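In the part that follows, the structures are each spelled out as structure tokens.
In what comes next, chain A is part of two complexes: it sits with chain B in the first one and with chain C in the second one.
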Partner chain A sequence: MMAGQERSQLRKVRLYGVLIALLGIMMFPFYAMFSSTFKPESEIFSSPATLFPAEASIQSYIEVWAQTDVLLWIGNSFLISLGTVALTLLLAIPAAYSCARNDFVGKRSFLLAVLVVQMFAPVVLIVGLFDVITQFGIYNTYFAVIIPAAAFTLPFNVWMLYGYFQTIPESLEESARIDGASQRQILTKIVLPLTKPALVASITYTFLYAWNRLLFVLTFLTDAGKYNIPRGVFSMVGALQTDWRMMLTVSVIGILPLLVLFAFLEEYIVAGMTAGAVKE
Partner chain B sequence: MSKVRLSDVTKVYDDLLAVKEIDFTVRDGEFLVMVGPSGCGKSTTLRMIAGLETITSGEIEIGDQIVNDVRPQDRDIAMVFQNYALYPHMSVRENMSFGLRLSDEYEDAEIDERVNDAADLLEIPELLDQLPKQLSGGQQQRVALGRSIVRDPDVFLMDEPLSNLDAKLRTQMRTELQRIQEELGVTTIYVTHDQTEAMTMGDRIAILNDGELQQIAEPEVCYDRPNNKFVAGFIGSPSMNFFEVDVTESGDGVHLSGNGFETTLGVSLDAGAYTLGVRPEDLTVGTDEGHLEAAVDVVEPMGSDNFLYLHSPEGDGEIIARVDSEYHPDPGETVSLGFDIEDIHFFDETGDRVPIDDEPEAIPTA
Partner chain C sequence: MGIAEEYTEPSAGSRFERGLQYLWKHRQAYLLIAPAAIFLLSVVGWPILETFRLSFYESPADSTIETYVGFQHYVEIFQSDIFYQLLWQTGRWVLVGVAGKALLGLLIAIHLKGDIRGRKFFRTAFLIPWGIPYAISAVVFRWIEHPQYGYLNAILIKLGVIDQGIGILGNPEVAWLGVVVADIWIGTPFMAIIFLAGLQSIPEELYEAAAIDGAEKWEQFRYITIPQLKSVILIATLLSTIWTFVSFDTIWTMTGGGPINTTSTLVIWIYQVGLQNGNLGRGAAYSVVGFLFLLVFAVIYLRIYTRGGDEL
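For the complex of A and B:
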């Protein structure tokens, strides 16, 4: 009896050991970034590197606050991310729902095409996109970033929502129809509330994707007042010198809103990740 | 309350004929059970009445209105689904009031009153604030029923509503459903594959097979005078015994031969090949002179009575007899099987019932 208990204790210790080690490997770059923001410039590149700042100071935060438009960048990041999320869901929900609920000619091809499109890296298409965006007259507007970002997040979202919609029993919708609900009411009152875990996962993925976009902002937005966080960080790369400490500080500030968002949505994200894995 | 009339209703999926020219009328306030094996078209028929499936041809009337092109929400029906289809994100109260809230006909106070009344009728008032996942199968089933009741529809449609319950609860809910239906007096169409449910619940039963209506009549009529061999075999448990026999005229009756039979019966019947049907409970087993000799294979005690599984040395197939629980023949023992001529059924080569003597004609299916 004792031996059995000890064995299971040992198993737990080993399991947690491995998990903590993995977590350490993943978290270390973030820690390095975070701790560096409290070091003076000279200490960041000292060799051997220091684990803790020798003289911690919040000087870099004060400098970032005074010398950069970090708040504006965060605001722009939010604007671009929320716009992308809205546009993506507006298109992905009806596309996924109609595929999940109807059989139509070319459905398979459509879904496959959606998947194939995702295989192109944005950089491959950037020249063509530039052409399209100037033709539409949206160059140097937020739409020049929101529309391409939505285009690249759509495939994943269509597929994930398609899979999730399929797990919602059709009889629920039939029951609602008999209860007197219109198609729009069925979607808003029955289907979407039940899709919440998948929607949250979808929102998170899209939000993150748009938040971190540098390429589109770099290519399609020239007005410094429209920069997002990554573009703001990039603007610190100078021709002659790069202020690493400031870059790291802006990065830290830039991920804070995401951490808050994740903390709120964590429960749903986990549910969404395993959605459709088993049929209930 | 309304009658429901189906006229030559047909449903074709791609090239599959699911329902073929079904024609019957459900009377106002009647409890009609549609029964048949899987894939017989009973659920499809119900879904066509609900408006969830389109009709390929024919007409469906609810009340005095042809509803072929009327949307489900405008048919004034309520449906209970096999999996209950409760909205998982809504409380029991919200589930039950969902339909009423969608319509702007009702004040909040009236909605509350109706939900509370239905909950009282179903004995679930304490569950109103719970979520469906917190309920047992039987409670979910009551909520599904409650959702239908609050809407006070013209017609109840029920698609195998008891099949997800365990045996004991199923029996209990059977009587419960009948009580509620009687109390409300709403025309009800109930689909099941379980012939016991059909026999015990229906004012009348409609038996379907391969998309065709086989018979619609009171349960006793379907049992006593099945329209055809399919109905005869489907209704009753254990199933009716069938014997392929040759009939020749002889003196004041007919002579039966084949499958172990060499006997004369006092009935009038044209000569030819027939299927003779006898229910297990109509077979008398003894050592006296009977109509057929058979050897006992297995005795299955059921408590109230015994099922004997026998075979005739010259015949093919198993014979089942339902006998008194006191009677315990040894396996291998040869017994004599007898029956009254009122209790036997003859079917022709197409499977249709052949009336013997002056029995009343089968009731037409319309």
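For the complex of A and C:
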């Protein structure tokens, strides 16, 4: 009996040991980033690098406000992300609802076509997209980033919401209809509140997608005043010289909003990630 | 199914009229999907057609003049050495990247599966590398691998492996490994989360029965976990293959495809030729080659997804 307990204790220790080691590996880049931002300028450029800051200083966080456009980039990131979320939902909710509630010729083709778009990575399309964006006359406007981002997040949103709408019993809507509710009221007052988990997962996914991507901003926005965080960080990479301290500090600030998002919405993010790959 | 019945109804009009009647009857359904459908057709469909069209033209990005050149771009691509170099580099990039992500992801998932104290914390922490901008991960890895000030060199020097800093990203022989490490780091969380969800759906009784039969841990893994996880592994690996194949931000920020194109892949080359050098026609032709690869992945994905009957 005792031997068995000891063995299971040992197994626990080993399990947590491996987990913490893995966590250490995965967290190391964050450590490298955070710890570097707290080093004074003289220390960050010492070779070989000190693995622990000899003296912690928040100097770089003070300088970064004055010397970079980090606030502007954060603002632009929010603008682009929220714009993408709004446009995607506006298109995805009606489409997903229609597919969940009706049977019509072309529905299957529509849903499969949407799934194919999901796989059609924007970078392979970027040359054609560049041509089309120029023809739309939206080059160097926020639309040039929001519209493609919405197109590539739409598939996830449609499928996520379509799957969820199907689980809401139609009888609920029927009784509301008998009570005299309009179709719009049924959707906004009854269906959407019940769809909250899927909506949160969709919104988080779309927000992250738009926040994180460099490609569209790099290609379609030339005006430095419209840069988002990834583009801002990218612009700080110099051909010959890079101000690593400022760049890493901007990076830390750029991921802080995301860390808040993860802390509160982790379950929804996981639900979204597994939706396409793990079937019940 | 209901559709067929509606068509058999006796109707006075022609096929066309019956079609219109059908559309009218279901107008609400069609009107609701119309915005999304039209949007995708113009933002994805049109650029696809535009890419095919451009691939037959000489079209500098900074001018409106286009010259028809037929298949010239394709002929020159297939005759060039760089194309085959890119295929090889893309192949090793995808193979090593996906294998690394899958193995590390599986390792994490297995250790998170049981009754872990603070699993939510661990899961959130493991998730973060996936959810931050690739450009940021890329500069952080550039920093870690920095020849003079990097943490990697500092650790290697401390361990006595090397006595002087080495520049990984500047060395044509190994630069791609320096980039692939960053990509593995970014892609591992997805694998871990998917595998974890898959592992949790395996009935515990299977393991209990195997334990009673005296199966060792390793045998349980080999004969229960792997077979039960097969379809999850298949889908996750396929999705990861696609994403690794089209990975742009990471490589572009870390090396821009250099040194001497050794970290370039097919998609990096599309960007470099088409947009960086402004040769839209040639870039479009490379894109069409990229389409073909994606098409193969898409067909496999759709087959897996729609396998086992009508799920839509």
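In this text, the second predicted complex is superposed on the first by the 220 of 280 C-alpha atoms of A that agree within 3 Å, B and C clash if a C-alpha of one lies under 4 Å from a C-alpha of the other, contacts with A are read in each partner's own complex, and residues count from 1 in each chain.
Simple rule for what comes next: a residue touches a chain if its C-beta (ideal position, glycine included) is under 8 Å from a C-beta of that chain, and two chains touch if they have at least 3 such contacts.
Just so it is clear, the structure is predicted and the values come from calculations on it, not from any experiment.
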Contacts of A:193 with chain B and chain C, given as first, second, both or neither: first
First (chain B), second (chain C), both or neither touched by A:98: second
Chain B versus chain C as contact partner of A:240, first or second or both or neither: neither
Touched partner set for A:127, first chain B, second chain C, both or neither: second
Partner chain in contact with A:66 - chain B first, chain C second, else both or neither: neither
Which of chain B and chain C A:174 touches, first, second, both or neither: first
Winner by number of chain A residues touched, once chain B and chain C are compared: C
On chain A, the residue positions that both chain B and chain C contact, one per complex: none
Residues of chain A that touch chain B when the two form their complex: 169, 171-172, 174-182, 185, 189-190, 193-194
In the complex, chain A residues that touch chain C: 15, 18-19, 22-23, 26-30, 32-33, 36, 44-51, 90-92, 94-95, 97-99, 101-108, 110-117, 119-121, 123-132, 147-148, 150-152, 154, 158, 183, 208, 211-215, 218-219, 229-231, 233-234, 236-237, 244, 247-248, 251, 254-255, 258-259, 261-263, 266, 269-270, 273-274, 276-280
In the complex with chain A, residue positions of chain B that touch it: 50-52, 71-73, 75, 77-79, 81-83, 85, 87-89, 98-99, 102-103, 147, 151
Chain A-facing residues of chain C, complex: 1-3, 22, 26, 28-30, 32-33, 35-37, 39-40, 42-44, 46-51, 54, 61, 104, 107-108, 111-112, 114, 116, 120, 122-129, 131-137, 139-144, 146, 148-151, 153-155, 157-158, 165, 185, 188-190, 193-194, 197-198, 201, 231-232, 235-236, 239, 242-243, 245-246, 248-249, 252-253, 267, 270-271, 274-275, 280, 283-284, 287, 290-291, 294, 297-298, 301-302, 305-306, 312
